[in-house]
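First chain written, first letter: the chains are A, B and C, and each begins at residue 1.
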Amino acid sequence: MSSLTLRGVRKSYGNVEVIKGVDLDIDSKQFVVFVGPSGCGKSTLLRMIAGLEHITAGDLEIGGQRMNDVDPSKRGIAMVFQSYALYPHMTVRENMGFALRFAGVAKDQIARQVGDAARILALEPLLDRFPKELSGGQRQRVAIGRAIVRNPQVFLFDEPLSNLDAELRVHMRIEIARLHKELQTTIIYVTHDQVEAMTLADKIVVLRDGIIEQVGRPLDLYDDPANQFVAGFIGSPRMNFLAGSIVEKGVDTVTIELANHGGTRLTLPAGGGAVGDQVALGIRAEHLGLPGTGTADITLDVDVAEHLGSTSYVYANAGGEAVVIEREESRHETGKDRITVSISADKAYLFDSKGQRLR
Amino acid sequence: MAQARLARREHLTGWAFIAPALILLGLFMIYPIVWSLWMSFQVGKGMNLSFGGFANIERLTKDPVFLRALGNTFTFFIIQVPIMITLALLFAVALNDATLRFRGLFRTAIFLPCVASLIAYSTLFKSMFANDGVVNQALMALHVIGGPIAWFSDPFWAKVVVILAITWRWTGYNMVFYLAALQNIDRSIYEAARIDGVPAWARFRYLTIPMLKPVILFTTVISTIGTLQLFDEVYNFTAGTGGPSDSTLTLSLYIYNLTFKFMPSFGYSATVSWVIVVVVGILSLIQFLIARDRRSS
Amino acid sequence: MTDTPMTSAPARPVAATSILPGNPWALIRRGIVYLLLSFAAFVSVFPFFWMLVGTTNTSADIIKGKASFGGAFFDNATTFFTQVDVLRVFWNSGFIAIVGTVLTLAVSSLAGYGFEMFRSRVRERIFALLLLLLSIPFAAMMVPLFVMFAQAKLVNTYVAVILPTVASIFIIFYFRQATKAFPSELRDAAKIDGLKEWQIFLYVYMPVMRPTYAAATIIVFMANWNNYLWPLIVLQTEDNRTITLIVSALTSAYVPDYGMTLFATVLATLPTLIIFFLLQRRFVEGMLGAVK
């Protein structure tokens, strides 16, 4: 059963369209992450689901009911904000019970529900403090607690970890994953951090310019990106793209010549394209193997090498085209001025000049 | 359109929040302003008004009292505002030095005049500047003057008292704006400039002044409007006459007298009040243009 | 709100080079700064001292410039209390200032919040128009305003004094500026928590903005307490006079009794002085509010 559905959803401010027709099904109990660069519309989409932004066109259904014109408080959602949005003049206890107070819930019932939520998040010792007396991580937990108290069908998280330092961010990420397991509710989570997306999501929705670029499980997106944008956005370090052009077409293969590597040619399994087309060959840093192990070798000028201990990253270029290489062992090799790496055709992706995948 | 229900409700709520204020402003500000604009084309005494076209404007040009009041107002404005702004800026920069001792004390003291009402402080000044009063006594003791100055019966010195009084009352007020602006300037900008070897005067001239420009403009406009509306002090100093021989008569005081002291001449007093509106408008525009010009060059 | 000048900023050990020993020019410069500031502080404070001294001297001594405490305090007080119905006057001033302040804050904060939170093109135009009106002097509307109240037979009433001041463009502007610092996510959270707009204003905005209200209260109260021109026009009978009008009337007498007048001035200034020393920080915040 689908717990939340978007059908042809659009949003415009005056003449500017920021969400350009989104269709999406979110299953019950799924952890869905909206990810994309800033300005891609992911937060706007979340706020439209929450009822904080009006839906210009299209339909939003939650639990099978059309929600376009329903008040935010009656949509069965709860939201955790980037700034946490805790009411500064209320204690943690009052913050968590505020919504119930206005829903006309009896006092002892409020106390019980707040108590339950506080227990789940280990907030009990903080209940009588004010937000300003809490650390960033504690505020974050209170914000989540306030959402839990309302017992929603869908949790909405708007970049909840971006105000925390790196260490705390990892910690809270794990805590949110634990909560999802424990609460068994649908979560929609917005982030610009693809690591958060990869680690938390059951399903990632990659957005760009108000359009969904791809929807899928994290590793599916990683292993099988639909286009150059998703390929470049998911994964760290970023996928390398080598410019080239198609020189030959077989039945199920194309042969390309790389532009910056002295006429190096590769044959890859792919349909589509025509001889003479400009293409980009995508290959991840960890897939640039030792010389002779792949389909073709290329030699690059080394700019910088970073040694992180277990892994080293070599930043190199050929004719100005930057390439990142990941090496797990052989550190000595990375100390040289030039490096030769091997490309395996079965680990490479081919994109046409519009960024679409050639399969 | 059902889609827009939430949007429409939000729109109506927006009007609901500002409605009380808009109704009151409409009734007690916009309506009187429009009415006075209409009045300024009416001639006659009391409520017996008839349309007079530009008769009132013509009368303005031939009214020596009006020209006197206009001249006085300009004198106050041109001399007083620059003195006050300079002093305020000077005090602010001096007090912004974190190593200065008794900063809080100085700041509070210089700001204190703002607490006095216009009537209260003009009463104090009137008593201090009496012929045998404390100011004359002090100046004679310091041998600045030989004999007492007749502050309130000499047209020149009467103006001087007014200028001194306004400066006393408002310098601290302006200083607070500059201090706040100075504290908002990132300290590291000055540290960077010092490391770059920029001398102190140049830091003031090329860093402080440009960064304070918006505040300086703001306070200048506020002070201009304030000076052109000058009323309480001169009324209180001179029991409403603007004397001696109209030397401290301001436009606002003249309007008051035209309306409430002499045989009421509503149309003409409305015309005089619109002179202030026009002057304020022109001066604000000039100040704004100057500020913008300097920025672009 | 952030740090304001009246709260002493943390003293940081910067600019230390300028007071290094063995730098005579820096020492001289510093001396001049202290001299200048001391003079300014003296000039600023002296009239207040003069006011206090004046209440203890006879009128004749005051205009002869006697700047030391004398023995005429009780005479001055007695003269004042017999000539002026003090309770009545303070009731007038207090009622006008307090009721006016409450109404002004209510109406103007609602509008400031409304303008900032519910943006629309029409309302932005209206707001811009209001800012333009801010520079129109009171003189330009006082005549019609007086005629309006005269026709409505409201001259000499509190209503006439209070009503035109209630919707203050300056305070609306002040609240709009302050509302920019009010986190809009708080309003979003409250909406999701099921609050209606007026409830958000009452239960979230007003408590959160308490410092802004405090600062605005001081500014508006002072303005109302000290208001002069409009009460002068619209309050024409003896029993409606405010303390400010009384001080002015005493000062404008043909031969003013300065002992009594300065006593009245102290009474008129005392409330604002007390507020200033109790709430110095809020006081300045209110003053600065509009430019931030």
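In the analysis below, a contact is a pair of C-beta atoms (placed from the backbone, for glycine too) under 8 Å apart; a residue touches a chain by one contact, two chains touch by 3 or more.
Worth saying up front: this structure is predicted, and the values here are computed from it rather than measured.
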Problem - Chain nearest the overall Cα centroid - result: C
Handout entry: Among all chain pairs, the one with the most C-beta contacts
Key = B-C
Handout entry: Centre distance in Å when chain A and chain C are each reduced to the mean of their C-alpha atoms
Key = 54
Handout entry: Centroid distance [mean C-alpha coordinates] between chain C and chain B, Å
Key = 15
Exercise for the section: Could you grab the centroid distance between chain A and chain B? Build each centroid from C-alpha atoms only and quote it in angstrom. Expected result: 57
Problem - Of all residues in chain A, the ones touching two or more other chains - result: 51, 71
Handout entry: chain B - residues contacting chain C, complex
Key = 10-11, 13-18, 20-25, 28-33, 35-36, 39, 47, 87, 90-91, 94-95, 97-100, 103-128, 130-138, 168, 171-173, 176-177, 179-180, 183-184, 187, 191, 215, 218, 221, 225, 228-229, 231-232, 235-236, 239-240, 251-252, 255-256, 259-260, 266, 269-270, 272-274, 276-277, 280-281, 284
Handout entry: Residue ranges of chain A in contact with chain C within the complex
Key = 47, 50-52, 71-74, 77-79, 81-83, 85, 87-89, 98-99, 102-103, 146, 150
Practice task
Sort out for me which residues of chain C touch chain B in the complex.
Solution key: 2-6, 8-9, 11-16, 18-19, 33, 36-38, 40-41, 43-45, 47-48, 50-51, 54, 62-67, 107-108, 110-111, 113-115, 117-120, 123, 126, 130, 133, 135-148, 163-164, 166-167, 169, 172, 197, 201, 222, 225-226, 228-229, 233, 244, 247-248, 250-252, 254, 256, 258, 261-262, 265, 268-269, 272-273, 276, 280, 284, 287-288, 291-292
Practice task
Mind listing the chain C positions that touch chain A in their complex?
Solution key: 183, 185-186, 188-195, 199, 204, 207-208, 210
